[in-house]
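Below is one structure. I have some questions about it.
Residue numbering begins at 1 within each chain, and the chains themselves are lettered A, B, C and D in the order written.
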Amino acid sequence: MINSRFFNRSELIGFLSLLLLLAVILPFFLDTFRLNLVAKYLTYAFVALGLVMCWGYGGILSLGQGVFFGLGGYCMAMFLKLEASSVANTKIQSTPGIPDFMDWNQITALPMFWKPFHSLPLTIIAILLVPTLLAFIIGAAMFKRRVGGVYFAIITQAIAAIATILIIGQQGYTGGINGMTDLRTLNGWDIRTDHAKVILYFFEVFVLFACIITAQFIRLTKLGRILVAMREQEDRVRFSGYSVANFKIFAFCAAAMFASIGGAMFTLQIGFMSPSFVGIVPSIEMVIYTAVGGRMSIFGAVYGTLLVNYAKTMLSESFPELWLFGLGGLFIAVVLFFPSGLSGIWRDHVARHIDRLIAMRSEKSKRAWAIKSAADGAPAE
Amino acid sequence: MLVGHQPKEFLLAVEGLTVSFDGFKAVNDLSFYVEENEIRVIIGPNGAGKTTVLDLICGKTKATSGSVQFRGKELTKLKENQIVQAGVGRKFQTPSVYDDLTVFENLEISYPRGRSVFGSLMFKRDAAVRERVEEVAEMIFLKDRLNMYADVLSHGQKQWLEIGMLLIQDPDLLMLDEPVAGMSVSERGKTAELLNTIIKNRSVLVIEHDMKFVEDIAHKVTVLHQGQILSEGTMEKVQNDPKVIEVYLGH
Amino acid sequence: MFGDYSIGDLGAIFAMQGFAGLILFSVYVLMALGLAIIFGQMGVINMAHGEFMILGAYVTWMTSSFFQSHLPSLFSGYFFVAMILAFIASGALGMLVEWALIRHLYKRPLDTLLATWGLSLILQQAYRSVFGAREVGVELPQWMMGSKQVTDTIEVPINGIFVMCLTLAITVVVAWIMYKSRWGKQVRAVVQNRVMAGAVGINTEKVDRYTFGLGCGIAGIAGSAFTMIGSTGPTSGQLYIVDTFLVVVFGGAASLFGTIASAFTISQAQSTMEFFMSGSMAKVLTLLTIVAILMIRPQGLFALKVRK
Amino acid sequence: MSDEKKPGLHSPLRRKLLMGMAALPAMSLLPRTSFAQAPATSAINTTGLAVTDTEVTVGILHSVTGTMAISETGSVQAEKLAIDQINAMGGVLGRKIKFIQEDGASDWPTFAEKAKKLLVNDKVAAIMGCWTSASRKAVLPVMEQYNGMLYYPTFYEGLEQSKNVIYTGQEATQQILAGLDWVSKTKNGKSYYLIGSDYIWPRTSMKIARKHIEGKLGGKVAGEEYFPLGHTQFNSVINKIKLTKPDVIYAAVVGGSNVAFYKQLKAAGIDLSKQTMLTISVTEDEIDGIGGENIAGAYACMKYFQSLDNPNNKEFVAAFKKMWGEKTVIGDVTQAAYLGPWLWKMTVEKAGSFDIDKIAAASAGIEFTKAPEGYVKIHPNHHLWSKARVGQAQLDGQFKVVYETPELIEPDPFPKGYQ
């Protein structure tokens, strides 16, 4: 029976090996510096996960995920910045107690929209809701009018451009191009120490798996199947009595929320946030992580993100000039030769061999393996 | 669903329907009426506006003027999904099924429950759903293929699957756009048989070119030409109408 | 705001602002024409369009250096040679790219976006490796510099007039090619029904390749013209890509007239707003307005209403 | 060919030539330590930095890719030149300098990440690097947390001071005030039009400039405009300039926008030999892209120009061109980057240790008499005492120095009355 279980075999392998990799192998073998790098990569995995939902399943390519990533990151950063800008820490300013960049821009009182970020619960709510709300507004405006495909991609790209110019231009409120730097403590707990980094890493892995499971849950409900159906035959779904726009809005909002969580994690891990994550370039890079992993695969997205970023770090350490050639080539190769990304390679090459292997072994010792391979739920066909 | 329903004179009343694309009137001041449990076939040469009429009824195309009344509801003011929920089902000319889903899932999506975003999140595949899906699968000759992905089906099977997807919606008005086009002779026979079983208790609006097939099923035939009605009536009447012979059947 | 100026000054403001808007308009049209052909007619999203422009700019720079050192006597006319070379270079690269990359992706427009983005990264790094990371300056011949005094207060820059004339000429040629020539008819036939066009004997592959080449070639000319007003560096192309796409989409993708009209609207709006607020805010407001209008009217300003 | 790839120094002949040249200024400086027995590593490196008996590792951290590569190339070249020259005369405390170069990729977190890698994994003794304020702001917490030492070359907006950073460029007041005083006096500047790119450095600079113009000089600001980075259409602001007819255009437009800005000014008929233009963001590097003919006549206020007429600079320019090619030009920041390795070397030798804390403490008062800009001294606030100079751009892309402050200007990153 199809879909009778939460994970099929391939997904189970993907899930367990990812869990093993992130929760055991990497923390065990990497020093704190490298582990922190992995933590940074994983923040992008949240975005990639969201893109699987809205691009892979829903067929909606957003080139503005950086906006949501940035919003989440900025919300977190505002909280941390306020905590770092205590009156005691900012004695030398003309107005102590406000963030340094405000002081430099002759702002003498904390702006209204900053005030809620004194409170951690409100900040968390903002991280979850603000980007989702924005996505809802954009999505409602666009999908209700059947803007889709290429047009949606270009418009989201324009939104990313607008967001960047706004953040850079309004530096009294946002820190401008420098972003919000020098974030120190979370409710008094120093997030810069190696010890904290490790704890934050595990926290992030935990949240990531929570998101993966949520995404998998959504995928397995009828809603997940409707998304797939919509991508293939939008009109058929519409004339089966569904409001296609609402489902697209849902997928886009979910993607925005995942991206925002990733952004907040990024701020915690790296200790600052800047407009360079909001613009067009990072947004498109996040799409390529998803494409490399396989736009249809939840686990593929995470593996793809890790792989591309690892390659980026490695290449740019040893051959900085070559990095752009490598990344550009990767875009082209994925699109031309591996449209299903890593997960496609896994499915077409690796998984097939495993299936054959299992089949062969069960041929040989039919009785011994019969029970086990039935439990494995060998291919649905 | 229809049992016990107060019968009305007309199920569908199309009046003065007009749509123009940049000045070209694809459908021009069209009026016709469909009764309960009637099978109506629309025929006409290419470009007569047949598919556009279906598009207008189901909301895919917005009318420039005119009205479409379905059980007293004005359809031109509703959204597509609301029109479906009012009881109008539409099958497209080319088979539109979801290749990446199984036959079961294809049918299940059309099951009329959990159609909102959160409804579909909470949707449970309970016994009622299974039963109904299997029942319909039996009718459309796909019972043994429930777990196959739709992309491996033959063209005819896909047509049946789409008909099945409409069936499971249980619409009061079923609109079919060339249901037997591209089918083999044996498939046509089976399709006619299928249509004859599913038209019980509902009205059907069919576009078809295959005159043999039309003769088999039609209660009444409407002939469209250049967006207007050329002739209407029983097959016999239409076939003998000199206007019709001239523009359509004659060549 | 106006209190400080006399009536005469105000007249001059509006005249000169209008002219500034016209220059911006020409720039947008030059950028967008090539893209309107590639995106509007072929449905290919060419994110490397800016890099094709920059190739034209580099070709212009090389031509000017060549004339300076080898043919100084002919320097005043080098720009025309440079534009032709820029067209050929960008067009040839475009055809190569079409052959190697784009033709495999006609059925997947969103994937052309990703692939051409990859291409743009490669081209940027190639420019950096070949020409260096620093920006290069193109020296203009004497006759193109300076401005023409119209009245006491109104002056118009000569290179601005030149860009406008060039835009006009290219637009006329492109319109002729697309709407009057036999080849243009073939292009439109292929766009509307590829299979049918093939069946009636049009070599669709060739049409695709030349159409893409033409679009890229025009980008090359645009890049060449840009050396007069902007800078040429490996990443300069990226600055233009969003604006260019918005111009094309705002105009209604398939319509050349729409592209021109939208370039006019956007440029006038932006240059007028720039006068009353900071450049950053003017840009934000312009983009926001375009996005808002596109949300209300997604098909763009001038799209035909057709049965889909 | 990218500039960094030139293997110039690996030819033995060139190396000898360079050694000879570099030795000239250096001989007089530190004759003893260079040739004396090198002190034991354990004594001069108590915190586990990458110092061996023969080598010491430093980091070079600039953007080699991305939009900032344009600007940062010169700094990388200058730092490599300085390191080569120092090695040619015996290194630091008898140890040759080895460098690890990392690419910040014009991306601020990458800067932070690479800085951390250099400090934590490579244990470098110092980092020469960063260019934009944003990259420095990203790197600063890392430097402070892991106790590193950064030599930062760019003129910047001030409002910062750190134990772990030596600022070899000018803070805002050093660059702005003297230039404004000069232009107000010699050009009788009463009204000013301020134009900048839209980010923190131009905005902070303009804020200081406005206070100085309105408060100290009794002038007025005719207009203040900011444009997004990379903006290329300046016709509107040029029209406004034409209408308001300011005495002085004061510009802090950065990067590629400069090219468009000056070309369009010229095309609009604003003759910079008649209209006074004072910029704080155009060096010889930028003129390379703008073209001398488009900017000739404009004034720039910097601390260094390639054309400075002093023996230190002549040697420096010759060595630089020898290493990186005849055609390369040297701007203000490139020179400031060149100071970094030298200042570090002298500080280490004064402290007699590579330990960061000792270097930080020993920095104040370090003098570099052979600086191409003349003479610099490290202030206790870790900025440099330096002169301000005004140069006028010439057709050939060089500046003619027209004014130089008589005294060194004290660095004041938190200027009272200007905040």
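Everything below uses one rule, namely that contacts are C-beta pairs under 8 Å (C-beta built on N, C-alpha and C of every residue); 3 or more make two chains touch, one makes a residue touch a chain.
Predicted model only: the values in this text are computed from it and were never measured.
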Those chains which touch chain C and also touch chain B: A
Of all other chains, the one whose Cα centre sits farthest from chain A: B
Chain pair showing more contacts of the two, A-B and A-C: A-C
Centre-to-centre distance between chain B and chain A (centres being mean Cα positions), rounded to whole Å: 43
For chain A paired with chain C, centre-to-centre distance based on mean C-alpha positions, whole Å: 34
Where chain B and chain D are represented by their mean Cα positions, the distance between them in whole Å: 75
Mean-CA-position distance for chain D and chain A (Å): 38
Chain D, residues touching no fewer than two other chains: 2, 64-65, 198, 226, 228
Touching two or more other chains - residue numbers and ranges from chain A: 165, 168-169, 321, 324
Two or more partner chains touched - positions in chain B: none
Chain A contact footprint on chain B (complex, rising order): 58, 60, 79-81, 84-85, 89-90, 92, 96-102, 104-106, 108-110, 112, 114-117, 120-123, 147-148, 162, 165, 169
For the chain A and chain C complex, residues of the former touching the latter: 61, 63, 141-142, 145-147, 149-151, 153-155, 157-159, 161-162, 165-166, 168-169, 280-281, 284, 287-288, 291, 321, 324-325, 327-332, 334-336, 339
Chain A-touching residues of chain D, taken from the complex the two chains share: 2, 64-65, 102-103, 105, 107-110, 112-113, 116-117, 120-121, 132-134, 137-138, 140-141, 145, 157, 159, 198-200, 203-204, 207, 226, 228-229, 414, 419
Residues of chain D touching chain C in the complex: 1-3, 64-67, 69-70, 73, 198, 225-228, 230-233, 235-240, 242-244, 256-260, 263-264, 266-269, 285, 288-291, 293-294
Chain D-facing residues of chain C, complex: 4-5, 9, 12-13, 16-17, 19-20, 23-24, 27, 125, 128-130, 132-139, 145-147, 149, 153, 155, 157-160, 228-236, 239, 270-271, 274-275, 278-280, 283
